[in-house]
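Here the chain labels run A, B, C and D in written order, and each chain numbers its own residues starting at 1.
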Amino acid sequence: MKYGIYAPYWTHEWTSDYEYFIPKVKKLGFDVLEISCAALVEKYVTDAQLLELKKVADDNGIVLTAGYGPTKEQNLCSEDPAIVKKAMDFFQALLPKLQLMDIKILGGGLYSYWPLDMTMKMDREGDLDRAVKNMRILSKTAEECDVTLGMEVLNRYEGYMLNTCGQALEFIDAVGSTHVKVMLDTFHMNIEEDNIPEAIRRAGEKLGHLHLGEQNRQVPGKGSLPWAEIGQALRDIDYQGAAVMEPFVMKGGTIGEEIRVWRDIIPNPTEEKLDRDAAGSVAFLRHVFER
Amino acid sequence: MKYGIYAPYWTHEWTSDYEYFIPKVKKLGFDVLEISCAALVEKYVTDAQLLELKKVADDNGIVLTAGYGPTKEQNLCSEDPAIVKKAMDFFQALLPKLQLMDIKILGGGLYSYWPLDMTMKMDREGDLDRAVKNMRILSKTAEECDVTLGMEVLNRYEGYMLNTCGQALEFIDAVGSTHVKVMLDTFHMNIEEDNIPEAIRRAGEKLGHLHLGEQNRQVPGKGSLPWAEIGQALRDIDYQGAAVMEPFVMKGGTIGEEIRVWRDIIPNPTEEKLDRDAAGSVAFLRHVFER
Amino acid sequence: MKYGIYAPYWTHEWTSDYEYFIPKVKKLGFDVLEISCAALVEKYVTDAQLLELKKVADDNGIVLTAGYGPTKEQNLCSEDPAIVKKAMDFFQALLPKLQLMDIKILGGGLYSYWPLDMTMKMDREGDLDRAVKNMRILSKTAEECDVTLGMEVLNRYEGYMLNTCGQALEFIDAVGSTHVKVMLDTFHMNIEEDNIPEAIRRAGEKLGHLHLGEQNRQVPGKGSLPWAEIGQALRDIDYQGAAVMEPFVMKGGTIGEEIRVWRDIIPNPTEEKLDRDAAGSVAFLRHVFER
Amino acid sequence: MKYGIYAPYWTHEWTSDYEYFIPKVKKLGFDVLEISCAALVEKYVTDAQLLELKKVADDNGIVLTAGYGPTKEQNLCSEDPAIVKKAMDFFQALLPKLQLMDIKILGGGLYSYWPLDMTMKMDREGDLDRAVKNMRILSKTAEECDVTLGMEVLNRYEGYMLNTCGQALEFIDAVGSTHVKVMLDTFHMNIEEDNIPEAIRRAGEKLGHLHLGEQNRQVPGKGSLPWAEIGQALRDIDYQGAAVMEPFVMKGGTIGEEIRVWRDIIPNPTEEKLDRDAAGSVAFLRHVFER
């Protein structure tokens, strides 16, 4: 297993300077940095910039993975063909960029949009049908670029389509691609699954990506999730992918608002404190997960 | 401690025939039935109807408690005085009805509105100030009617004002009434608190009402919450109030939508199965919580 | 799964009047009563007595299972052939009695003796070899009588041969009989296994018998063992055998001494309190274990 | 809180070269090394040797604490005055040595003997009376030497006098010395207490020393004990003493026999693996326990 962290932990906006975070996370003890694809649209745009970022990662021995939440206007399951087209265009432009950077994983609620607008119409069955159909199309590009798409299972407040591992397994079976897999996140699982370790075991070899976070999105080890049991389940399925912590502990900014963090989850979240917690957490995970 | 259940467990709409549920919950092993105040506006309107309902409860040896989520148009913390007035009028009409029925507890996000509309402006500090000021006014009526108002601590997706027990304690201290207390719900705590039992101990004698539910809102005992620890914490603070389970396991209807239940949480939720789970759960709680 | 309880919960000596306990445990909600074989030597000796006991069980719809801890003088793994012979004679006389009563399970540290005398020589490897060899012989009788022998995994203070499920699986594989299976006990597992549910899953279909108890041998639900996870593991392996609680909560008598209970584990353990805890615990287990 | 480890983790006998372990544990991340007093009788005998050992500790910034299990011949609660005298002489000679080395804590089953011989007479009440009386006498020397005596609470297989925190609190209240306090050990608590964190909170400021270990005596983090809850309890009581892990994972030698470790608890326990686990565990504890 490789241990990573999602860069937005340290920031209030989704886009940031990953050249700054790559050596930092290396120093803190991580193998992987997950970046938000928002930056690949807004900041790292040219191939030269992408390759420069890849070089920084390579030089630091850091593997990159990518996360994304499509906007309402680029929704693969929309009834509106124009919105589906926007989504398809976006992903089909994005995947070759990830390939260029040797990024093998793109995870998130890629089959829909985010954050969820509860006032919008939710035609769950129709949306699922369209999502399967369009994901099948997109999966061809994913296969060509050798990027695995992680279908993130989200809690009921962030998604209405895939709330459990079981639903995600049905979904990827319907899509039927080697490059469309289940993505689990302990924070979401803690709200939806009957039993977190059992859901991990059920995913088995179809688990393509994994996010880790405590019940209130602190770094693993600072809350009450059953980490020993989670580690046992990951060993049971011989999970060899990336385990990326995705903590959010600061209020404010676009992230605070979209993640619904209305308070600082930890007192006085200075960069020094965030660094210490991240380093402590990855040491914690290696101790608990590895035998 | 008295053990109860919230009637909407069995229904798809907030209003229902409580005369039907009172003998049922007695038979299933409960001491308390919690009703939604929606019914006291739509269905049980006259004093005669209220007293008839009270009589059914008395005859069955069932204590009633009440829950409510104010609508967007009756929001005590609104910047719009007309909306605040609507809220105040509503509660000031409601409390004497509760008094008439000998209902001593009214719980919910009474300081704001529900379900939360994420697209609305959230002036958290201003809203808290207005909520304290207006709750102080309302508390006078609550004291006169001897109805305790439970300020429910909600998870980040359902509320932006009081997400932790600590915040609620500050809030009720600012209000300063004997009849405004903290209300905790294990389902929400499981998403927000660092440590559920510690939050219960911190609330101590200021805990006025308690809702119980598993992480995915099944009945207690069907999931993974630390019930032994929760029971220990309740014994530590010598909690003598009502412990009301508030399970939601069926998709569909207004409840399914507002509670964000997009699937049946348990397979085949027939009334017979719901009854069996409820009876099993209250036996479970008595066994785990009582010494 | 069938739910049972071990009769010595209520007594200070191993032998008691099972005619008294059979209707009691039925009334408290159990399917199974486990009896100590000590009584089959001291009290229920004649075939008529055995058949009378069986009839009481049948009339009450109660299934019987049996437990035993061989004495130091009837030790199947002893270096002394006379002691081995005593053990073999004892079991070969006992098994037809169990068959007569339609008892299908005999569980305990049958491969050795109990309680463990730490001052005796412990030749673990030699003892294991002899135990395998002699258990193979005994298994023929077990097969003929259709009684499954449960090789109980004991904690380090009660046994030095089989402390983990993994060791027991090796042992029964070496014996190689359809009627020699693993027996697990959550009280012992809580001291030895890295992970209780994982051990249950590893046992799988080789789990022949199961004892349940909290960390300090109270009835399930009164302590901190991970019952939800244990239930999940039992469903994972589709365990259809008996789950027999084996609580010991009173000091005094032979039982108090041999079980090392130097204090009343619960305050004031009257029969009425013991009955209430037992009834509460079996309701607790049915609620947590069954879906 | 200061984090320590008991040296016998790495050895098969109780006495070892502490000059070797002091720099090692420093490098692995610890603040404290706990030594067995056996060595202060057998190996570090002269004042010069003791002071040399103290110097090595000081030079490495390591605090020393001490543990001891009195033999059957030096039992403070014996009915035989000669055995009591031997115990008193031993401790009264030992405490000034600890003072010389600036060791402030001596923990263990000091009120009795160890390992427990189950075949000996156990007059629990009489033994407790004698233990209180003699501990009162010994406490004078402890006060003079400013060494706190930790009355270790042991599981039922290792002790018959103090099995719970509640019993230990009664015991130290009866002794009534500033220098006689409760000592808890999570391994033992896991077998005896209804609820580990609650027992820690009950001990409160009377907790003088703390041992940590998983259910099967692996290093903290490798098993299933509720470390997040334990950390919360330690913060609740503002514990400022030493938290010393006391893992035992290897079979063999006097330690394997007396600790009843009949198998290697972890596969292939090389020194390199033991070091890695120890370093991982202290990082784990700092992450989980500190806020």
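Note that a contact is a pair of C-beta atoms (placed from the backbone, for glycine too) under 8 Å apart; a residue touches a chain by one contact, two chains touch by 3 or more.
If you're wondering where the values come from, they're calculated on a predicted model, not measured in any experiment.
Simply put, of C-D and A-C, more C-beta pairs touch at C-D. Remark: chain A and chain C have CA centroids separated by 48 Å (rounded to whole angstrom).
With centres defined as mean CA coordinates, chain D is found 45 Å away from chain A. Inter-chain centre distance (chain C to chain D, centres taken as mean C-alpha positions): 34 Å.
Shared interface positions of chain B, i.e. residues touching 2 or more other chains, are given as 194-195, 222-224, 226, 228-229. Chain contacts here are complete: no pair of chains fails to touch.
Across the complex, chain B is touched by residues 115, 117-119, 122, 124, 156-158, 160-161, 163-164, 167, 190-196, 215-216, 218, 222-224, 226, 260-263 of chain A.
Of all the residues in chain C, the ones that touch chain B in their complex are 221-224, 228-229, 277, 280-281, 283-284, 286-288. Per the touch definition, chain C reaches chain A in the complex via residues 194-195, 197-198, 226, 228-229, 232, 236.
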